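Some structures to go through are shown next.
Look at the two complexes coming up: chain A is in both, with chain B in one and chain C in the other.
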Partner chain A sequence: MAPPILHSPVQLSPAAALALSQQAPAFLRSSSSTVSSSPLSTLLSGPEKSEQWLQYENLIVSCLRTGDDQAAHQCLRRLVARFGDDNERVQALRGLVKEAEAQGNGALEEVLKEYNQILDENDTNIPIAKRRIALLRSMGRLSDAASALVQLLDFSPTDAEAWSELSDIYLSQGLYPQAIYAIEEVLVLAPNAWNIHARLGELQYMAATAPGVANGLYQKYMAEAVKRFARSVELCDDYLRGYYGLKLVSKRLLNDGAKATRQTDDSEFALPGTSTLERLNELATARLSEIVRHSAASDRGWRGYSEAEVAAARALLADDASAIER
Partner chain B sequence: MAQVPVQSIHRDPQLFYWILFPITIVMILTGVLRHYATVLMASAPKKQDQKATREQRSLLHGINVRGNHHVLSKPSFTARRDALITAYESGAYLKNPDSRGQPPPNPMSDPNAMEGMMGMMKNQMAMVIPNTLIMSWINAFFSGYVIMKLPFPLTIKFKSMLQAGVATRDMDPRWMSSISWYFLCIFGLQPVFNFLLGSDNAASQMAQQMNQMGPQGGAQMFGPGVDPNKQFLAEAENLAVIEHHSVLDGVEQRLLAGIKV
Partner chain C sequence: MVICILASPIIVIRSFGASRPQAQEASNTAMTLLSKTITAFGSLLLAHACYSAREHTALQSIRAATAATLTSSSTAATSLPVDIIIETIISTFIILLGLVLGTRPLRPLEWRVWAGKIEREGEEGFTDNAGAVDKDYMGNPFSVLESRPNFVDIRKQRKEFAEWVQKGDGKQGQ
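Here is the complex of A and B:
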């Protein structure tokens, strides 16, 4: 049996999450259920591994996702036995279990009340604060969630996770400049994250193509979007989303034609020239079709692309081809 | 040329069972005991209140913006810089803005700092007391004679290390006294403790001394006696003098030159 994964299971596909949670009973059986703190047993059984607790955490998440509440409770009990009832992470996990089992809005309100109570006692309990925000968001109270996040970020502005969540919330409310600001903060904390560069490019593109955007602003957003996507694939030269965005943006700019290339002052990025755009478009097309071809044949070293993303890339390429035929 | 005769000293074989062995066992047991004593005595890291967290992380935020300014476009960098400099200079992030400009409090009078020092003292004690006890025990019972012969030759320089407590000038440095065996155990038992207690144990004095000597960057930065207001002002100045360039300048050309289709 492969041991349960150590990285966060949030982005697993449903099938993988199911497979993981089906390992839960075997994993629970294979590891001892009691944690003894007596020196003798530690001497005999060897030092405990910190990965083990991470595995429990990940198991809880994927078990809740697949409806195996019993195993989740078992994992939680062991974490409580090891770290105590008032550990911040354990508190957050217990909240997560309660949220998952809550029936209807009333029960969720109860959980929210508990979170508020915990935060009243200890206002630096970041895991609980984040759970509260996630709960507010899933209950549809977006502006409450956003203001709680802003409050969290005011005293902890070095939290990349919180910034990207804030960006997401703003995006879902259609507040593009705020979303861009928040994702820029993530980049400040993780300057070489190519996915965040591409995400920022996507946000710029969305902001540019939103209805009712002035022409000057449109060009500014598009210029930076091109650069962000280019930076993203410069950092990771087989990143599908980066190439996808690069192709999308450069195609759109080429279709716009050379109209109104406003001379920008040097504090802003200028749109690249038509020949550069064409070459960028070519590059993105070539790489995208390479990725699509290889992952269709599921060649070695080309697996791991999300199927939805590959399908979207294929659709984009097909769109391009049909435009040429016409 | 006269061969130096091989020195042979007749030792009671029981020396091995009654001295060498007990010293080693005692050393290992004290190491294990010290580990658990340190674990038990360790106080949980003190919780910071929201304002202290805010003060520290705001400063870190400024440092991050300064270090990674190249990922931002010029307008967004300027906006952040202006906001941060204003906030830093007005003391908006300070834990207690009223005490600006006053000299930092004496670290001795600050209860938090005292606690840190107490922790250090406790660790020191856990190291010093058992060592003193064992050494006096060995000195009282086993001093004044050699207990074993090392199986390899050594130069004369090792005499003072290996024959402490045995003042014989002509004896081969391969002979070893009990107190020297004790010192050898102090320095040589680290792998044994690693095996028994895991690699981050508190049993070995050597590791602890290394820790104390090493630079404590994080603690230094926000440690007691450092005036946060001055840190903020210095950081504001650092931000102000940045000449901004963006990694996005000319990224298309770089990309096209770098990737061959």
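Here is the complex of A and C:
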């Protein structure tokens, strides 16, 4: 089944993106190509649907991804006809098309120059500012991208998406404390987001297992990771990612439980006791094996998990079983 | 209170359906048919009750008119016969039952149950009785915070897609 055209296509698999962009010609044919704002034609053609413009936007992204530039241009032309040349979102989409078609670094520099020009005229143009940051990152200028993003967040501090991007940029530079700080800001803005809780847990785990971490810091990160994963499964029943992280963290803590010296008196970051960790580990194992079992049988009501995640959970469980046999 | 009474069979039916998940798909279509039949039957009864009431009043007024010309003493205004009243009430309840049976499955109220349903069932969990995915279903609403569509690196995505296509072609060629 083709994925719905209404959702953002960024996270789709290549096959799904291909299916989506193959819908493009049919969609372009089925919707009228000219949009005029005169009242007479609005009367004749009926009310316009607001989803339609979202669909054009998503089609542009997925068509660019699959290399169907012609359809992308057609969608863009219709958006320009409807919203005008200087609409901020349309400007960003036009930039996106140019980025995708740019050959070599010179062309990219040209696009970047255009972005700078637009931002000189109006530096609160957030879509363009975001495109500029994405382009900088894509060109490998990570520190430039990070500082531009910090500037953007200075005047728009409630932008959860931007905080999340900042965290990702810091992570790619290996700056774990900064990445954790940025993702915590996302949690402040979206405290119920179970995937962000799991993400924070993963970041804490990565920071704890990075080479050259002091013992005290290691314990603090691990304790936080346990908390975050526990929170994510509290917010979402049968959350594979959360249970996976919980099992990973609790197993590791149990393994080095013997040699861990409990010297931190800091009660806020104190590790949970061994019995608690054992119970957490058992719970996570039980839930994960249930998820894996149901997904393997493809039971009704258990088909929402991605195959890669289920395979990873199965590998983790198998790893555990072989360790016990040894 | 009426809704409570009417909703109780639904809860029974729903829990029954949940206990036998394989049969749910078939029972969904059967349920739509059942609810439509019940609603149509109720409407028929209601229409019949209305028609009877109208006929009854027409008859009454004629009789009153003839009685007035004959005896000139007015008879007391008669109310509707009790069977028409009962028919109206029962038909209304039958229509209500049909409509309630035809509603889409209720959504979980608790956050963690709802979130778990999204993760566990995907879009299958959010379909109406006919099996079409709800229009407002969007998966995990917070997934945009990780995919970040406004920061998409389109050149990287293009490259990855081209590689995927090449790999797929290689597989087919073998």
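Heads up, the rule we're going with is that the second predicted complex is superposed on the first by the 313 of 326 C-alpha atoms of A that agree within 3 Å, B and C clash if a C-alpha of one lies under 4 Å from a C-alpha of the other, contacts with A are read in each partner's own complex, and residues count from 1 in each chain.
Methods note: a residue touches a chain if its C-beta (ideal position, glycine included) is under 8 Å from a C-beta of that chain, and two chains touch if they have at least 3 such contacts.
Keep in mind that what you see is a predicted model, and the values were worked out from it rather than measured.
Trainee: Clash or fit: chain B against chain C, after overlaying the two structures on chain A?
Mentor: The answer is fit.
Trainee: Please indicate which partner A:D154 is in contact with in the superposed arrangement: first for chain B, second for chain C, both, or neither.
Mentor: After superposing on A, A:D154 lies in contact with chain B but is clear of chain C.
Trainee: Who does A:I133 touch here: chain B (first), chain C (second), both, or neither?
Mentor: Once the two structures are laid over each other on A, A:I133 reaches chain C alone.
Trainee: Once the structures are superposed on A, label A:L96 by its partner contacts, choosing first (chain B), second (chain C), both or neither.
Mentor: After superposing on A, A:L96 lies in contact with chain C but is clear of chain B.
Trainee: By the touch definition at the top of the document, which applies to A:T124: first (chain B), second (chain C), both, or neither?
Mentor: first
Trainee: Under the stated touch criterion, which partner chain does A:D299 make contact with: chain B (first), chain C (second), both, or neither?
Mentor: Second partner only.
Trainee: Applying the document's definition of touch, where does A:D237 land relative to chain B and chain C: first, second, both, or neither?
Mentor: Once the two structures are laid over each other on A, A:D237 reaches both partners.
Trainee: Should A:Y205 be classified as contacting the first partner (chain B), the second (chain C), both, or neither?
Mentor: Touch partners of A:Y205: none, neither chain B nor chain C.
Trainee: Of the two partners chain B and chain C, which one touches more residues belonging to chain A?
Mentor: C
Trainee: In the overlaid three-chain picture, find the nearest pair of C-alpha atoms across chain B and chain C and give that distance in Å.
Mentor: 10
Trainee: Both chain B and chain C contact which residues of chain A?
Mentor: 234, 237
Trainee: Which residues of chain A touch chain C in their complex?
Mentor: Chain A reaches chain C through residues 4, 7-8, 10-11, 14, 17-18, 61, 64-67, 92, 96, 99-100, 102, 127, 130-131, 133-134, 137-138, 160-161, 164-165, 168, 186, 190, 192-196, 199, 234-240, 291, 299-305.
Trainee: Considering the complex alone, what residue numbers of chain B touch chain A?
Mentor: Counting only chain B, the residues touching chain A are 32, 36, 47-51, 53-54, 57-58, 60-61, 64-65, 68, 70-76, 78, 80, 196-199, 247-248, 251-256, 258-259, 261.
Trainee: Note which residues of chain A are touching chain B in the complex, please.
Mentor: 39, 42-43, 46-47, 122-124, 154-158, 181, 184, 187-189, 191, 197, 224, 226-228, 230-231, 233-234, 237, 267-269, 272, 276, 279-280, 282-283, 286-287
Trainee: Applying the document's contact rule, which stretches of chain C touch chain A when the two form their complex?
Mentor: 21-22, 24-25, 111-113, 115-125, 133, 138-140, 142-158, 160-162, 164-165
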